[in-house]
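Going in written order, the chains are labelled A, B, C and D, and every chain counts its residues from 1.
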């Protein structure tokens, strides 16, 4: 908000002598994670521009990995420096919060992205074309699918190494999103990580029609929802006269403060406040994929290149829920009694709808999409606890969930047949007989989704439900467990398919991945098990990080 | 001395274990081992008996406590034996007759390749039966009670390859189980009433509790007795039980096991004495059964089934006597013992006949056999005379006493019961004479080409002779200055009944009816030849051939009804209980199918839904505030 | 701190599972022996527990272990055993070796050459069995509700694979359909129990919320909660307590299984191989009844009393219903399954009769039923494996060709109909007496099952074993040595515990007393007090002549 | 005149935009409608800014324009690719993925 604030003060002090405009005070050190990532992204663009084609892949990969690792290190540094707890404060002149939740979520996002980048860089799965190993991205996104240009591009062995900087941009946005401390920053961050994602969706090497369609849908609906978000922001601004979280919260807290009667129509007008809040919430709910704003999820998850889907499913949820938490806990706590019941409703239909619709899915990626919707519902249950337990449980759940998702989609990339990935469930029949290991790993992820004890899924579920129950929403918990019982059904279905049904003759083959994907999956399994068996350390972490700075 | 008691049970038990687990290598010596152990048990019994006679009537009861069996809370069941005069009587009967029948079986089962197992089962039976009569508490008695049930199941179904045998065995066990439920409920009642179910305390405490409870206990005990002793209404199994080898019929279904009911009632005398209603029920059951059995006995052409009917009826006498209370207990037991002798003898005789007639059981295919198997004829004849109560033989003394006691019940009841008993005596005479005539007299109705009747080997005849001797003299011995009564008196207590008729009157009446019955039989089967195929006969006859339709009743009501019930339940379990579960799953599937239609694939419909959602969201938020 | 015996007992089989699973495809026989030896080691440890355990010592639990685990959830790693737990652990550890032996060839791959060598069904089979054992053992030991819940739920997964993954190849309409039926049964089993478990999860969370609300810090430690309640620090409102109770009970009733939640059992037992079927009824389901006794009643005494009437009725229905349906079955294994339902009815009846006989009997029942069903089911399995059919109608006259098999089968059957002299009689009679002494009518109605049991067992025996020898059966071999080794000890045990159950009762009684003290229920007193010293019947008769007078 | 009218206008424009998104088939037009919605927001911002007498709203309007421009870049890129693939820009034709 630097600029806004300064200009504002200028306006007020127009009378006295113009002169020294005080430069904004930015704590670069504390913003370092974001800055590192975005800087790397810019570098990446330059690399694309100036490096010869053959050396780009490795450079980009190295660059992004180093950047993300460095950013993560920075986050750790900040956390160690106590910015998560004692020294938590609002940086960049009120634009960005540096506090526990922000750092925890940024850390999670960075780790997830790091792992995701591995899957992006995977080049062993697709059969080598013309002697060159290729990844799962289009040779030349601009070329018409099946057209002459594309064939040439393929023959020339082009690859879209741009994905790396694009991902970095997205990550940058995601880092800001949960830390945004005023509505404008929120909006900008949203766009900054959405636009790259739209692009990433179009880049699939196989089934490009689906890929492009997914992008279109995602883009249109995303833009549509962000328009609502923006309008909501406008209304809130109209209500409070400011867009800083603290400012709005203040106004909300002590209701209509005395202002000149001319503005009585707007200032402190609850209608503005409520409608605005609702619209902003809608914008965020769209991103987390809560019913009824979830339509994009299945289509986009299915159409997008699987590594992108994994990244999106994991990282976007983390970022969006972070923003949602901050909004509800920092901006609108005074409004609790208004939004809680509404959000309860949203949580319930999200849990139920997600679980129920998933039962009849036939495509593994769509199945996971719906399961992610159901999980959004579970997380909402934690969000609504409006207690520190609620925050910490959500943080923990997000961490646990994102790695499971990433791992699951990584496994999906392995199961392939002539037409690329074999995502239709019928193709997965008897996978357990063909390659028990892969099937077993996938089963672990599914069980984690289902929330079977001794997996991270169970710990997370228990945490959020516990928080909900303690906040007095016991019936929400009951509905939650019921819908997870329904959800269990389709996870089990997949396991049955993999282990108990005879393998088909023309079944898919399981490609042997490079160390990159292997690492990704391994990390996924490790996190799933560790957080399932010995979650205490991470619960503590989330616990310490569960205080928002105001 | 009391430490020997366990030995009584142990000997046959060891035998059973040896023979059943021993495997083929014991096939040769198996039957000898079995017999030896049975005899050993008898020897021990004899020793104990001698010792007991040496003591004064007061302290003859012995007691042996092995270990605490089931201790849970206030529930204390011990594995402990008690040997008093009553038990002693039974022990002698069981081991004695048992040993004889073991010996008999050696010959009888000679050609059966599973003889070893047969003897194993016999030993098992002895052990269980002895446990039953030696137990010092009802729960242990229950063990023996079901044990003999198992043994009889195994032995009835010994020729398992015959479906009829297997079915009969199953039937016997099931009907017995119904009775056993009665016993177990009785035990539970005792536990809740007295806090224990050991004979001593329970029987001592009958005074301190309400008659209602006691009546309930008594009726439950009666139910048990009915099951085991084939009394109406649970008598249906005994006839079919004749599917078993004849020695089995002799030992289990004539001499010992079926009399367990009488033992139970006599043993629980104190309870019944304090519960007149229960007593009355006992008497009625006894009277009804003694007529029922007798009538059935008249109509059967299968020699064993005829004898089975007679058994039923004779036990009816005992139960009747036991129901009369202190005036009857002793006579009940006495008749039980004498009956043990002659009925066993009769069965063995029948067995010997069948042995000689290649297992033909239809009396209409017999005739004039006295010439071919004299020993059998004589022993059987003596048994016959005994059972019809021919003056001077065992049956006369015991049965006569019971009839007298029945009259002594007093009032109209007395007359009715006495009359029934007399009638029973007459019918007994009739059907036994019938059996006698059809088997040993008249012209031969068998084909000399196929069957060559011959006398049985020594192993079979000797036991028959011994039993015959018993059935001749036992009654007389017992009645010498009421030896038997005074022997049992300390246990069962005895009162002299005051019959409206004088003893002599009763006796003469008995003899008269006896002669009438026998004469009638001679008129029907002695004078004119017996048709080789049964005539259609009167309605009653036909009913009697079918056990007075009692089986048909069971079949229609219980079996059919049960089948329908189970079939319905199986159906409901599938369609209703399970259907509910699968139903929910199906519903979910359907719901899911309908919901996913919303995902139409058109961006604009998504947008519409989002807008709608937004609208709802806003509306709801405003509603919450009530703006 | 002493040697963590309880943990070890759970860890050994777990290690065994890993070791077995790790063996390469070729080492099939080795896997079997490894599994067997580990299960035996577990049995030894269980014996050590039984020895180290001193019945009637102070405090509800012994050999306790306690470590911090997930502080945020108020979860501690708390183990401890009472007599009941010891008995059941011993049972489990005892049965598993037999299960493994009995299933020796059940998981051999059908044809030697598999498409790939990574598929190792045999290793998987035995590893899963051991995994189940480990989880069952630890859920018997857990005194922390959450810890218990964790494994109570987790054990579904290996069970699920055991049921769905391995069949006895005796399907009525060929292997293809058998496979589908199997996976249906497996899914049904899993979903049924998972649903129950999730309902329970809600209750568990509720319990945490309640304790956290009233004790400051949420806790799951059973002793702690019982203590707090006794000391009056913890007052769940009647409403809350009932809801929580129902949540717990539902899960356990599914597991037990109690009518009308039983329908998964016949499918599961019918489709799986008989060793697995034994694992289900004899071991895993016991966790349900055990948990009723340990958690439902001790955590929510008031609610337990409140719910008792309904539960007793349901249990009574199970008793009769199961027996009647058993009579109506055409499939040997399903018949045994329904018989088990009837028996579980008895167990639950005993537990909720709230008398020392009832609960003591119920505990004995768990053990005895485990042994007897194992005996019957395993012999049935041997029979089925010979003929390749589960249909009763396909047999006849077996005892002629395979007398030993028939004999053992009969003994198993007699145990199932709880014939006196065999172990189940003791427990069944105790349960009946215990029930009768507080609820006479229910006790009497339940006794009807005595007859029904005889009916289904004897009909089964008659149809399969007796009668003329069927052609298909003529070549049937008698029991082999391995099979005898499995059956003989079980039968011996049945006889021993039938004649001398005292060791078991001594073990169980104090635990039962403690449970009842938590619920504070006393056994009803008899009308007449007689000193229960068993003396000869002499003293009675001095007086009873007068009694007769008095009665008139 | 009362600045509130501008708010009404903004709301109206926003609604028109939203309606357009729902009604129009051509991706380009749909996209333009979204832009219209954004601009409606801008109007609202500016109005509020005037009412509150601070500049935040106007600054935000600038940011919004930038964002809108960025969206155009990305959006048109996507739409054009799809047009070249399918030779149609109708959003209803892009419905391969459903249910």
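Keep in mind that, in the parts below, a contact is a pair of C-beta atoms (placed from the backbone, for glycine too) under 8 Å apart; a residue touches a chain by one contact, two chains touch by 3 or more.
This one's a predicted model, so the numbers in the text were calculated from it and none came from an experiment.
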Chain closest to the middle, measuring from C-alpha centroids that were averaged per chain: C
Of B-D and A-C, pair with higher C-beta contact tally: A-C
Distance from the mean Cα position of subunit C to that of subunit A, given in whole angstrom: 47
For subunit B paired with subunit D, centre-to-centre distance based on mean C-alpha positions, whole Å: 97
Whole-Å separation of chain centres (CA-atom averages), subunit C against subunit D: 66
Centre-to-centre distance between subunit B and subunit A (centres being mean Cα positions), rounded to whole Å: 81
Numbers and ranges of subunit B residues touching at least 2 other chains: 585, 596, 599, 601, 603, 607
In subunit C, residues with contacts to at least two other chains: 191
Where subunit A touches two or more other chains at once, by residue number: 216-217, 220, 224, 298-299, 489
Chain-to-chain touches, reported pairwise for every pair that qualifies: A-B, A-C, A-D, B-C, B-D
Contacting residues of subunit A [partner subunit C, same complex]: 392, 433-437, 447, 450, 452-454, 458-459, 462-463, 465-466, 469-470, 474, 477-478, 480-482, 484-485, 488-489, 492-493, 496, 499-503, 534-536, 539-540, 543
Contact set on subunit C toward subunit B in their complex: 188, 191-192, 259-260, 262-263, 321, 324-325, 327-329, 355-357, 360-361, 397, 399-400, 407, 414, 419-421, 425-426, 429-430, 432-433, 436-437, 440, 443-444, 447-448, 450-451, 454-455, 458-459, 462, 465-469, 499-502, 505-506, 509, 512-513, 523-541, 543-548, 550-552
Partner subunit D, residues of subunit A touching it in the complex: 3-4, 7-8, 11, 141-142, 144-145, 184, 187-188, 191, 195, 198-199, 202, 208-210, 212-217, 219-220, 223-224, 227, 230-231, 233-235, 237-238, 241-243, 262-263, 265-267, 298-299, 302-303
Residues of subunit B touching subunit D in the complex: 596-597, 599-604, 607-608, 611
For the subunit D and subunit B complex, residues of the former touching the latter: 18, 21-23, 25, 30, 91-92, 94-99
